[in-house]
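Look at the two complexes coming up: subunit A is in both, with subunit B in one and subunit C in the other.
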Partner chain A sequence: MSHNTPDKDNQTSEAKKTISLPISRVRLIMKSSPDVSSINQDALFLTTKATELFVQHLALTSFNKSSGRETNTLDYSDLAKTAETTETFHFLTDILPKKILARDYLKTLEQMQDEEADF
Partner chain B sequence: MAERPEDLNLPNAVITRIIKEALPDGVNVSKEARRAISQAASVFVLYATSCANNFAMKAKRKTLNAGDVLAAMEEMEFHRFLEPLREALEGYKKDQKGKKEVTEQKRKEKEKKIDSESNKYREEEEAEEEEEEQQRMEEEPEEEEEEEEEVEN
Partner chain C sequence: MDGDSATTDASQLGITGEYMASSHYVLQSQDGEEDDGEESLNDHEDGGAKENYREQDIYLPIANVARIMKNAVPQTGKIAKDAKECVQECVSEFISFITSEASERCHQEKRKTINGEDILFAMSTLGFDMYVDPLKLYLQKFREAMKGEKGMPGVSVGESLSEDLTDDSFSNPLQAGIITADGQQQNVMVYTTSYQQIPTVQQIQFS
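Moving on to the complex of A and B:
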């Protein structure tokens, strides 16, 4: 009996190494898309793995581009910048909008109104 | 279908760990940045699913398969993911196969033991069997939850 236990532990740790996000949650997100009817196990696994790679890639790309390299920080603005400037991350611009100060926004709004008044 | 919006979020603890592992040691990731990456990941899943589904529909299939997901990655220009994904899938398939063999072996061992050994052993194995039962049932409870939520609403 005792020789079975280490075997079991090895298996679970191996499984953890390949994937850490919960497959069930990823399936729930996939199924929330209205035209998806069914997903096979391999496709589900691949999407979960791809999501992990995506998170790593997004974090690393944003960090490498940012000025935070000196301060050793990754901030929201770094992510918004990546979404704006990197082709493959363009689809994120809607959920990662660049933040601007209300003061600056009002200024541009004023300018726009001035320009309109000129016509 | 998810009933609550937070059902479409990925677990923060796991996302945080993946970010930490990707970045050099000691990088401070702000809470806002973590939340944004997590949301981006959910959108990524939806985008990938929609792309993959297009490939399945073109081929007149109703079930998304591994090829569809890989094709979606190419279309989304995440070529860099293809190789690691293929490798991971191979490992996953081997793992699944291995698990089947292990359970098969265990079953055989159990049969032998039940024939020859005492009650003390049997109790332990019954506990193991229950564990396997639970794993098999994992698919089911989700749907039950959904029904409950519908009633609440």
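Moving on to the complex of A and C:
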């Protein structure tokens, strides 16, 4: 089944198929980091590919954490929970805050103030 | 405390969820905008937050992200819309996270161009070392495919190319012979990019 000279077009389209995210957009995001001047092609490809792996990883981990419930749906709270409990995803806690009821927030705030007053 | 229009009426705020705040929390407004998360970010004095300096919120297309998620979870599973949007944001965060780490290493070594090694090293450092081996394999496959595309065995695509691809980046252009209508043969130099989403740059030189 293997040929000595596989069809070059096949190889290229296979390479293209291995990526399902737009590389140019990935580059844009990378460039928006401060102090980034230029990015080599390998770095760009690796980041794009890694991002795919990341999405899969995050989605599956979060989905598995929610498997106790009946709805079989992955939602925001699953993601927030994963960010909090899984070391690898800790960096997401800032953008994945858990949602709470306003009255609970105010109660917590009062408690915090009381504690600070003790110092 | 400051006079935020605080209301304890949860129904007005449209807040869901039964969680108590641990470290960070956001109050979600009725219209479902999650921009409150961004605002509360800026209020934090928390250092290490490159996200405070992000000029725009650039995301990858949600359709692509959603498709990858869908393929990752079991067939019968479903994904809520807010989860898709959320992962979209997480993705940008991830890219910035890796990039700034790689960039730092680059600077430490007095280099200007972030290369593949920097990215792999950053991943390892930041707890994503499980990605490193699969990524190396993908890179290998990708390089081989690129070689095939250029038709030049031994061309190393791994040289540090500046991300502004100029014509000089392709020192081995494809050659194509074209026979024109009046029967004369012309040699055409074709510069192409095959992996980028940018428009193909072509120059035709008549020898």
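Just so we're on the same page, the second predicted complex is superposed on the first by the 91 of 119 C-alpha atoms of A that agree within 3 Å, B and C clash if a C-alpha of one lies under 4 Å from a C-alpha of the other, contacts with A are read in each partner's own complex, and residues count from 1 in each chain.
Simple rule for what comes next: a contact is a pair of C-beta atoms (placed from the backbone, for glycine too) under 8 Å apart; a residue touches a chain by one contact, two chains touch by 3 or more.
Just so we're clear, the structure is a prediction, and the values are computed from it rather than from any experiment.
Chemist: Of the two partner chains, subunit B (first) and subunit C (second), which one does A:52 touch, if any: first, second, both, or neither?
Modeler: In the superposition, A:52 contacts both subunit B and subunit C.
Chemist: Which partner does A:38 contact after superposing on A: first (subunit B), second (subunit C), both, neither?
Modeler: Both partners.
Chemist: Counting residues of subunit A in contact, which comes out ahead: subunit B or subunit C?
Modeler: C
Chemist: Does subunit B (first) or subunit C (second) touch A:84, or do both, or does neither?
Modeler: A:84: touches subunit C, not subunit B.
Chemist: Looking at A:97, would you say it contacts subunit B, subunit C, both, or neither? Reply first, second, both or neither.
Modeler: second
Chemist: A:108 contacts which: subunit B (first), subunit C (second), both, neither?
Modeler: second
Chemist: Overlap of the subunit B and subunit C footprints on subunit A, residue-wise?
Modeler: Residues 11, 14-15, 18, 20-22, 24-26, 28-33, 35-40, 42-43, 45-47, 49-60, 62-63, 72-76, 78-80, 87-88, 91-92, 95-96, which sit in both footprints.
Chemist: Going by the contact rule at the top, pick out the subunit B residues touching subunit A in the complex.
Modeler: Residue list for subunit B touching subunit A: 1-2, 7-8, 10-11, 14-15, 17-19, 21-24, 26-30, 32-33, 36-37, 39-50, 52-53, 57, 62-66, 68-70, 73, 76-78, 80-81, 84-85, 88-89, 91-93, 95, 98-99, 102, 121, 124, 138, 142.
Chemist: Quick one: in the complex, what on subunit A touches subunit C?
Modeler: Its residues touching subunit C are 6, 8, 11-12, 14-16, 18, 20-47, 49-60, 62-63, 71-80, 84, 87-88, 91-106, 108-109, 113.
Chemist: Which stretch or stretches of subunit A touch subunit B in the complex?
Modeler: On the subunit A side, the touching residues are 1, 7, 11, 14-15, 18-22, 24-26, 28-33, 35-40, 42-43, 45-47, 49-60, 62-63, 68, 72-76, 78-80, 83, 87-88, 91-92, 95-96.
Chemist: List the residues on subunit C that touch subunit A in their complex, please.
Modeler: Going by the criterion above, the answer is residues 1, 6-10, 13, 15-28, 37, 40-41, 44, 46, 49-51, 53-56, 58-61, 64-65, 67-69, 71-74, 76-80, 82-83, 86-87, 89-100, 102-103, 107, 112-116, 118-120, 123, 126-128, 131, 134-135, 138-139, 141-142, 144-146, 148-149, 151, 157-158, 160-164, 194-198.
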